[in-house]
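Two complexes, one shared chain (subunit A), two partners (subunit B, subunit C).
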Partner chain A sequence: MVAARRILEGLATVLLVCFVTFFFTSKMPGSEAAVICGPAGTACVRHESAILYLNHPFFERFFHWLGELLQGNLGVTLAPPEPIGSVIAGAYPITLELIIYSQVIAVVVAIPVAMWSALRANGLFDRLSTTATFATLAIPVFIVGPLLALVFTVKLPWFPGPAANVPSLWSDPGQNLYVMFLPSLTLAIGSIAVYQRLLRADMVATLEEDFIVMARAKGLSTARILFRHALRPSTFTTMTVAGIQVGSLITGAIIVETVFALHGLGSVLTAAVAAKDLPTVQAVTIVVAVFYIVCNVLIDFLYTVIDPRVRRGRRA
Partner chain B sequence: MSPKRHVREIIDREDRPLLQVENLKTHFDTDHGLVRAVDGVSFNLARGRTLAVVGESGSGKTVLSRSVMGLLPHQRVIREGRVHFGDVDLTGTTERELRDLWGAHIAMIFQDPVTSLNPVVKIGRQITESLRHHLAMGRKDAKETAIALLRSVGMPEPEQRLNWFPHQFSGGMCQRIVIATAIACGPKLLLADEPTTGLDVTVSAQILDLLNRLQQERYMSMILISHDLGVVTGRSDDVIVMYAGKIVEKAPTTTLFRETRMPYTEALLRSAPRLANASHTRLHSIPGSPPDPSGYPTGCRFAQRCPYGQPRCRVEEPPLRQADSPGHVFACWYPVGTPEGLQALETNLAHNESAAVALVPGEAI
Partner chain C sequence: MADEREATVSSHDLTAPGPMELGVPGFSPTATMVDAELAGLEAREGLVPAVSKRRFKSLGWGFWVAVAIVGAWILVAIFANLLPIPDPNSVDVNCLVSTSPSSSHLLGCDTTGRDILARVLFGSRVSLVIGFASIAISEVVGGVLGLLAGYFRGSLDEVLAIISNSFLSFPFLVLALVMVAYVGRSLFDITLIIAILAWPILFRVVRAATIEHAQRDYVLATRALGAKSWRVLTSLLLPDVVPTAVTFGLVGVAVAVVGEGALSFLGLSVPAPTATWGNMIAQGSTSMTTDLSLLLSPAVAMFSFILAINFIGDRLRGVLNVRHGAL
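Moving on, here comes the complex of A and B:
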């Protein structure tokens, strides 16, 4: 019941995003026909405008575009003409991997650091990690990226530099994860700081709870108390923020792709914007928005997995 | 079921009490000064006996129970004195070593059953956890033991309930689960810290009866902490009355009620409702509030609120001294039921001391 409602809400949001995207891109100066024709002249523009439905009223064009979209047809890039669907299909794996890989790194680093900080709140380690996370929060991705690239590919040649060939994750996973490590770490650094701060704060509160004292009284080890009893009830804020963060991760991924010369959605988008390729900009925006909404709906479901009190329909 | 304990065995000799507490002090170093929550408490507890610890909120009961066990915060705590549990000195033991005793030999039941269970963990796992940890039981054995434990604490359909989460149970049922968890490994000592505070009266009586039954069946020693002397009647062998971190009276339960010596105990007795009284009988309250634990007054700590209080009480602290009955000690210069006490009370009444007047409402003007 709840699940169905949440999915419907998600679909409504997607529809709204489609409308807003189409509205703003169609109001942008410059016509698609002009882009295609270049200096070819008015006859060409008139011809292309007819093909692209540019002379029809706004809502007619919107519903035509939406109808094509619902059939899975994202349109054609302006110049040279290529199906946008296949352009995106070729680019999205890099971006998706970058986001997932960075989040895995962020979680793996943030959880132990947050736990250790919370366990000895205001101790030396806590204060050091607080300082370190604030410092990383203050440095933007476009500084961190070149810096990491400089240190770990030039000064210390441990990783391949930008423009390295990225093999597919499925054919050569080891090499893929190795090449993608530095870009993913760059994207992860901001997330590490955010997750560490939030998780530490919630963990400090959880560790004050009666059930933690009871777990101690059972004679359990500190590690067991932290992982089995304290971690799950401390993750709610972190999860919510992780969902919201997906948006800034996508922005971050675009920058990281530029810095490390990766061919993901970010490079498709920047190229399309530069070329005034509006159909491609629209399509990428829609794909990214759908991804963002799907992530947040998934996180809503995750709450019910993590906290049994959110589940409904069982007797109380 | 004969699991191998991988925790140390406790040598519990017949000729000596299971638990010996000598001059135990527990002070907290806070920003508002040194809080002397427990300030020199001594008692013994034999195997299979129940000791009740009674006092107002803030008298140090909870800290006493945690301190006996060693279950204290890691920082800014000063704990002095000796606690012997069987042949183990609990005060000279690291937390790592204490963990082998906690849950296995010493278990605790907390005030609020609903918050003492982890909301996101199935109750089955919360019960089996210590079985698997201390007794190295397999998953299946532990589950069967948990079912048996739940049945013994009066949980209907225990097989299905193992998969439930704490929020699906009432407060009374949660306390039964907490009790099942506490007794899982067969502890020798059970500390029950106001186990019925959050529960309604009938459930409260059921839980206390359950604790008594389990204590007798399993031959455990129990420390039952309560702010209510009525709860303690008939459910304990001995009673300690605590005030401001100290023992002010200690006696076998029946003796305490019959031969009350300490004015604070008398005040507590008068503040509890009794069935013998007519309904709508006004309950007495103790005027004033307990002293600030970061700066106790000199002399007797109860003197300011005491109907019997004399100038001497405010200067000289009364030591614990022997009463007529064996095992009965109290700390008072002008004890209840003695000529000195009576005279002190009359003097105070003559001077219209408010605490004394409050004690005898019929004569108040």
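Moving on, here comes the complex of A and C:
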């Protein structure tokens, strides 16, 4: 039931985004037809207007456009005219990989660091890691990115520099993950800081619970207590925040793509904005909105999987 | 302590006739009680600062360093054209030969022969104007709407909550880029765009503070006495939510500066050749293998400003006892 409601809410949001972007696109001075034709003259404009459905009333056009959208026709980019669908299809895997890869790195780094900090709360390691995360939270991605690129591609040439050719993940996974590591790490830094802080705080609280004392009394090893008993009940706040984080991850991905000259959705959007290519801006915005909402529904679902209390509470 | 003494003197003046003529403040127990009450009233009415000097002393020296840094940047932004630095857009031919620092170019030059120091100092104008102006706009819009929504609640509150939530949930930079595509990218446009994106945060903060304060006894008592909503809002609740609005506003300025920096970095803020910290960082990151100064100078400038203003906001939040709860 809850999932159904979330999905309905998500659909309503997507529809709203569609309507708002369509409204503003249609209100812009200079029709798409005029831009496509350039100086070619009125006959061309009339012809293109008919193709683009521009001569019809606003709502008729909106529903026609929406119908095309549902059939997967996202329209055509301005100069050079290319189907937006294929442009996005070529670009989105990079952005998606960047976001997922960064989250994997963030979790792999944040969990052990948070555990070690929580185990010796206020110890030297705890204070060091807390200070480090506080500092990294304050530095914007567009400063961290170039600095990381400088250190790890120029001073220490461990990784290929920006504008490196990214092979497909399926044809050459090793090389792909190697090239994408530095960009993903850049994007992960913010998440590492957030997850480490939240996880540490929750972990400190969990470690004082009775069942942890019980586990200790049974003589379980510290590692087993941490990973099997303490980790799961400490992840709820982090999960919730991970959902909220998706928005800032998309923001970060746009910048990281520019820093490392990756051809993802962010660079498509940036280029479209610079060229005032409104149909493309519109299409990318809608794709991002759908992605964002799908992520949030997924995290809600994951939440019920991890926390049995939520599952039962919601059913009741 | 100082406040109490001041309050006593002023109330002494008010109640001049009677035992007070003896010239001894707090002569009778009743007089002291009246004094205390008046002092309380005055504090609430804003005649006496609600925060005592002792609490400001607990801010620590780090706070004043941060204030000095922010103050210095504000002065630089205002008086950049009076400083003994070259024009930020003029090209020095000598500098094209060697971009490294010299006596005439303390931080060296960028790849097109323009003075980096001058560009960093002039770049503060864009960042600071957009940072402060956009947050000022969102303080007014978000603050007023937050007060109204928090005080009246009901359908107005619900509608505004839905609108602000949908603004906050969507990726910030995507919305900003979309608006740049539709609106434009002059200094005014960018200020407006960031204000449109920032008001929901201040709305939520002010709304939460208003809800909290509106349930307190003195507000309920004032309403029970028949005070008009307008009076309750302006003379009771407004002063109460100002500390919250100001401290979160300061953090908002830092966020706005970073946001403008991100747009600039993508080359989609105020157009070239105007120097901004963001577009300098972008330029510097393309030439960092040969000249690091072009990347580091604007980065250090921006970092010092956002760190200082964040620090001020953080310390004030502690001292003014602004709670994070119920947001």
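The rule is short, and it goes like this: the second predicted complex is superposed on the first by the 277 of 316 C-alpha atoms of A that agree within 3 Å, B and C clash if a C-alpha of one lies under 4 Å from a C-alpha of the other, contacts with A are read in each partner's own complex, and residues count from 1 in each chain.
The criterion applied here is as follows: a residue touches a chain if its C-beta (ideal position, glycine included) is under 8 Å from a C-beta of that chain, and two chains touch if they have at least 3 such contacts.
Since the structure is predicted, the reported quantities are computational estimates derived from the model, not experimental observations.
Residue by residue along subunit A, subunit B and subunit C are tallied for touches, and C comes out ahead. Touch criterion met: A:Gly247 reaches subunit C, while subunit B stays clear of it. In the superposition on chain A, A:Leu220 makes contact with subunit B only, not with subunit C. Within the superposed three-chain model, A:Thr258 lies in touch with subunit C and out of touch with subunit B [touch as defined at top]. In the superposed model, A:Ala89 lies in contact with neither subunit B nor subunit C. In the superposition on chain A, contact is made by A:Ala274 with subunit C only, not with subunit B.
When the shared chain is aligned, no partner comes close enough to touch A:Leu177: not subunit B, not subunit C.
In the superposed pair of complexes, A:Ala138 makes contact with subunit C only, with no contact to subunit B.
Residue overlap on subunit A between the subunit B contacts of one complex and the subunit C contacts of the other is empty.
Interface residues of subunit B, counted against subunit A in their complex, comprise 69, 71, 98-104, 107-108, 110-112, 115-121, 129-130, 133-134, 165, 167-168, 178, 181.
On subunit A, the positions that touch subunit C within their shared complex are 13, 16, 21, 24-25, 28, 138-143, 145-147, 149-150, 154, 244, 246-248, 250-251, 254-255, 258-259, 269-270, 272-274, 276, 278, 281, 284-285, 288-289, 292. Within the complex, the subunit C residues that touch subunit A are 166, 169-174, 177-178, 180-182, 258, 261-262, 265-268, 278, 281-282, 284-285, 288-289, 292, 295, 299, 302-303, 306-307, 310. Against subunit B, in their complex, subunit A makes its touches with residues 209-211, 213-221, 224, 228-229, 232-233, 306-309, 314-316.
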